[in-house]
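The structures considered in this document are given below.
Below are two complexes that have subunit A in common, paired first with subunit B and then with subunit C.
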Partner chain A sequence: MAIFLQSLLSGILVGGVYALIGIGLTIIFGVMRVINFAHGDLLMLGMYVTWGLFALFNIDPYLSLLITAPVLFLWGVLLQKVFINRVLNALPQNQILLTIGMGLVMSNAIMLAFTSDYRILTTSYTSSAFQVFGLSVSQPLLYSFLITVAITGALFWFLQNTDTGQAIRATAQDRDAAQLMGINVKRMSVLAFGLGTAMAGIAGALLAPTYYIFPQVGGPFTLKAFVVVVLGGMGSIVGATLGGILIGVTESLSAVYVASGLKELVVYVLFLLILLFRPAGLLGKSRT
Partner chain B sequence: MRLASLLLSTVAAAALALPGLAGAAPVKIGFINTITGAEAPIGETMTNGLELALEDLKKQGVDVKVIRQDDTGKPDKAISAIEQLATGDEVTAIVGPYTSACANAVAKQAEQYGVPQVIPAASKEEITRQGYKWVFRVNAPANVYAKALIDAALAFGKPKSVAFIYESTDFGSSLSKVGKEYAVAKGLTVVADEAYQKGSPDYRSTLSKVKGQNPDLVFMVSYVADAILLMRQSRELGLKPQAFLGGGAGFDTAQFEGEKDISTNVFSVTQWTPDSSKASMEFAARYQAKFGKRPTYHAACTYTSMMVVGAAVKKGGADRAKVREALATDTWQTIMGEVKFEAYDGYNNQNHNAMPVIQYQAGKSVTVFPAKVATAKAVYPFPGWK
Partner chain C sequence: MLEIKQLTYAYGDLQVLWGVDLTVNQGEIVTVVGANGAGKSTILRNISRLLKPTGGSIRFEGNDLARLQPHQVVEQRLVQVPEARRIFPELTVVENLRMGSYLPANRPDRARNMERAFTLFPRLAERRKQLGGTMSGGEQQMLAIARGLMANPKLLLLDEPSLGLSPLFVKNIFEIIKEINAQGTTILLVEQNVYQSLKISSRAYVLETGRVVMTGTGAELLGNDHVRKAFLGM
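Then we have the complex of A and B:
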């Protein structure tokens, strides 16, 4: 029983970070219908910013979010204005090629600058844990989870209750209608890509103290983000949150009850099953 | 960049040497290594080892030109690398690749093309057990790793059970397979056998399962980063066996050594230690001065492999068959002791290399087993997390 609860807990905590990665991707897709294959590389940039701030100025990785998030937001804005904006009406495969290319340029530029060495952040709490009812709760994971919850909550409130947030949602629902209603859809796209990039950056920063940092770290996370988003329903923030936690828990439990080496397999089988019965994802609406 | 300058310097050297050695072009040696990708940090130490060997070969007047290929840690890339080297560049011999999976894939091709291959640090047993004529291995194979660690643990205390946690790669599975067999033969009970997919951010569930079994020994086999991650999460969960045994690779890097919180009192096994001989100490000092890091066994193994190939080339020139002949019959005194490729226990062209067991004590690795080479006393059982 202790093992079950322990792995359920780790699964939920790790799932929180997966959710955050998924939310960034889903916002970008929702507003622009662009599938961002550079998402994992944006996360990698977030990790490097965090690592740089820590190594140079000894800023705590969680505190450095206050710098990492705006920096990545601006980077996202720049990418959108210079590159993504030009292919908004292009064929989907062209958009995909562009984002894959951007990802490759980013990861290789970082490799050129920082070599492919693994960077490891070590803080005083890196491998510490709280003991609660005989369960050990990883300190860095718990902090990451709480920050994820706060940021997801704030983002949700922003999208529901502010004018800009509603404009973003309107653009996501119907770009043409939103434009007819006088919404500056170009600006909304820039905002959405910035937000999505910032989310990826935050996820990177949150992973930095518990994971390791190297230029190619993004690839597996891009893949994971897709599974999370497609599982939850493309464009749905609540869906991405749910998808993230579901995948975290599935991985964790299947490592215990199936086999550590097969946890990915279990995740993808579950993924296929859900898509078989709900092709639009858990909370997705089919857009036909 | 480095490649370009190397090329330039070899061209310049060749031009200068022209009057003396009319038409004697430098002998081409292929070097397949993991320059990018997840194992790149280890690949870098291997490149460094090779650089030092090239300096020394130059001093000895052995004129070689190294052609480098990156396998990114993937066997398919390694295969295209050797095809290019064997048929396009027509190299005389090949050093590398690093990982077991790549080295094994390349060995098959080397045999087929008839190119002598010297493997510095890949440990999958099968590589030199397939009766290949052209494949030579400097480092000790996986069974030596496992045997050394388990023997050490049995010498220090009376463990009854052991848990295996290893990545599901050629290296991880072959090392833990022989580890399990040897543990059972020595009367230990294997209470957990967990293969994991590398690159996951969370091994806590696997580790809590292992913790539930309460093993006396935890035997882990991982590359660079997972070694640190596994130990961090073991600390979080309070996993506390009598000893943590790390099977080389990721447990024998400068980075792991630097993470004092988690590396202290962990055992590992190594192909080479800097304090093993006078020549080794000199090599370590030179390496430290040039690259600003402690050399790992990977660097020493690559250095040795390149020196051995250099010696064979000195004797056999650019002729593949003659170089193979020299590799198969000669003996060399190196920083890894005496190197000789022999046939024994089903192995072919395999160097006998003893593997000492090290332990991290206060942020430094010290040799603790076997007793005759030990430089410090082992801390056993594991005193608990700080």
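Then we have the complex of A and C:
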């Protein structure tokens, strides 16, 4: 029982970060109908910014979020304005090629600059843990989770209660009708890509203290983000949150009860099973 | 107020409008009637700049609209209530109305306009928290019109507001259009319900395959043999 609770807990903690990655992808998809295959590479950039700030200035990775998030937001705005905007009305395969290409350029540029060596960011608390009711809670994972909850909550509040947030949702639901309300949908797209990129960057920063940092780290995260989003229902933020937690818990439980080498397998089998019975995802609506 | 000259539009190779001239004067209800596919909605989508005209000019209060983006047209207080209502299905009634007054210039009037909307459509007041997509067609049409009014329009474009509504509701909608006009909003209406719309119109245009074939006051057209034969089945 203790083992079960222990792995359930770490699954939830890790799942929170997966949710954050998925939310970024789903916001971008919702507003622009573009699947961002560079998402994991943006996360990788977030990791490197965090690592750089730590290695050069000894800034704590959680504190450096205050720099990483805005930097990645602006990077996303730039990518949207210069590249993505031009393919908004293009064929989906062209959009996919563009985002995959952007991802390749980013990961190779980082490899050129920093080589493909694994970097490790070790803080005083990297391997410390709290003991609660006989369960051990990893400190960095707990901090990451709490920050994830705070950021997700703030994003939710923003989308629900502000004019700009509601305009983002309106644009996602009906682009033409949004324009007829006087909403500048191009600006909403820029904002959405900036927010999505910042989310990916924040996730990268949160993973930095517990993960190897290297230029190709993004690929598996792009795939994971995609699974999280499809599982929850494309475009649904609540869905992405649920999907992220579900994947985290599944990975963690199957590492204990099946075999740690097979956890990915279990995740994808679960993914296929859910899609078999709910093709639009857990909270997705089938297209009419 | 609105002056359209020699407007042409083509969807790719398919020419839909062939030199349409149309004017709307302040205070009027002007209707464009015509069969399905005559190009009525295309005219409105060109005015709102969701489509870019292939020729001709559109002026609103003397200003050429040719350089504006769709969202900038709304800033001129030229507002469209689109065909098929197009309310935001996953926003509540109140959130839909808030989006109608998204522009900073209209936000100070938000509370007052919302009260006005709820007076005009008491049904909406009962459903403030309901998601737009879960309402009936008639309620959605009310919401779409109310949402348009939130933008303080000088000229309101209405695209087939009676489409798909029950007969009782249709009568209701036309009375509300008259009421909105009486309160000072000029209206350009596009309709297939020729009888009801001509009855409330100051002037009307008959559109056939992308050309204006006839124009006159509502009463004149209602008495016209061609209109009676083609649209009213008499």
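What we mean here is this: the second predicted complex is superposed on the first by the 288 of 288 C-alpha atoms of A that agree within 3 Å, B and C clash if a C-alpha of one lies under 4 Å from a C-alpha of the other, contacts with A are read in each partner's own complex, and residues count from 1 in each chain.
The definition used in the following text is that a residue touches a chain if its C-beta (ideal position, glycine included) is under 8 Å from a C-beta of that chain, and two chains touch if they have at least 3 such contacts.
Keep in mind the model is a prediction, meaning the values are calculated, not measured.
Novice: Touching A:Asp163 in the superposition: subunit B (first), subunit C (second), both, neither?
Specialist: In the superposition, A:Asp163 touches subunit C alone.
Novice: Looking at A:Gly134, would you say it contacts subunit B, subunit C, both, or neither? Reply first, second, both or neither.
Specialist: It touches nothing on subunit B or subunit C.
Novice: Is A:Ala178 contacted by the first partner subunit B, the second partner subunit C, both or neither?
Specialist: Touch partner of A:Ala178: subunit C, not subunit B.
Novice: Report for A:Ser7: first if it touches subunit B alone, second if subunit C alone, otherwise both or neither.
Specialist: Touch status of A:Ser7: first partner only.
Novice: If you tally the residues of subunit A touched by each partner, is the higher count for subunit B or for subunit C?
Specialist: Of the two chains, more subunit A residues are contacted by B.
Novice: Check the residue A:Tyr118 against both partner chains and state whether it touches subunit B (first), subunit C (second), both, or neither.
Specialist: Only subunit B; A:Tyr118 stays clear of subunit C.
Novice: If I apply the document's touch criterion, which positions on subunit A are contacted by subunit B in one structure and by subunit C in the other?
Specialist: The answer is that subunit A has no such residue.
Novice: Where on subunit B is subunit A touching in the complex?
Specialist: 35-38, 40-41, 44, 165, 168, 194-197, 199-206, 208-209, 212, 224-225, 228-229, 231-233, 235-238, 255, 259, 261-262
Novice: Any idea which subunit A residues touch subunit B in the complex?
Specialist: Within the complex, subunit A touches subunit B at residues 2-3, 6-7, 10-11, 14, 17, 111, 115-118, 120, 122, 126-129, 136, 138-139, 207, 210-212, 214, 216, 220, 248, 251-253, 255-256, 259-261, 263-264.
Novice: Which residues, counting only subunit A, touch subunit C once they are in their complex?
Specialist: 163, 166-167, 169-170, 173-174, 176-185
Novice: Under the stated contact criterion, what part of subunit C meets subunit A in this complex?
Specialist: 48, 50, 69-71, 74-75, 79-80, 82, 86-91, 95, 98-100, 102-103, 106-107, 147, 151
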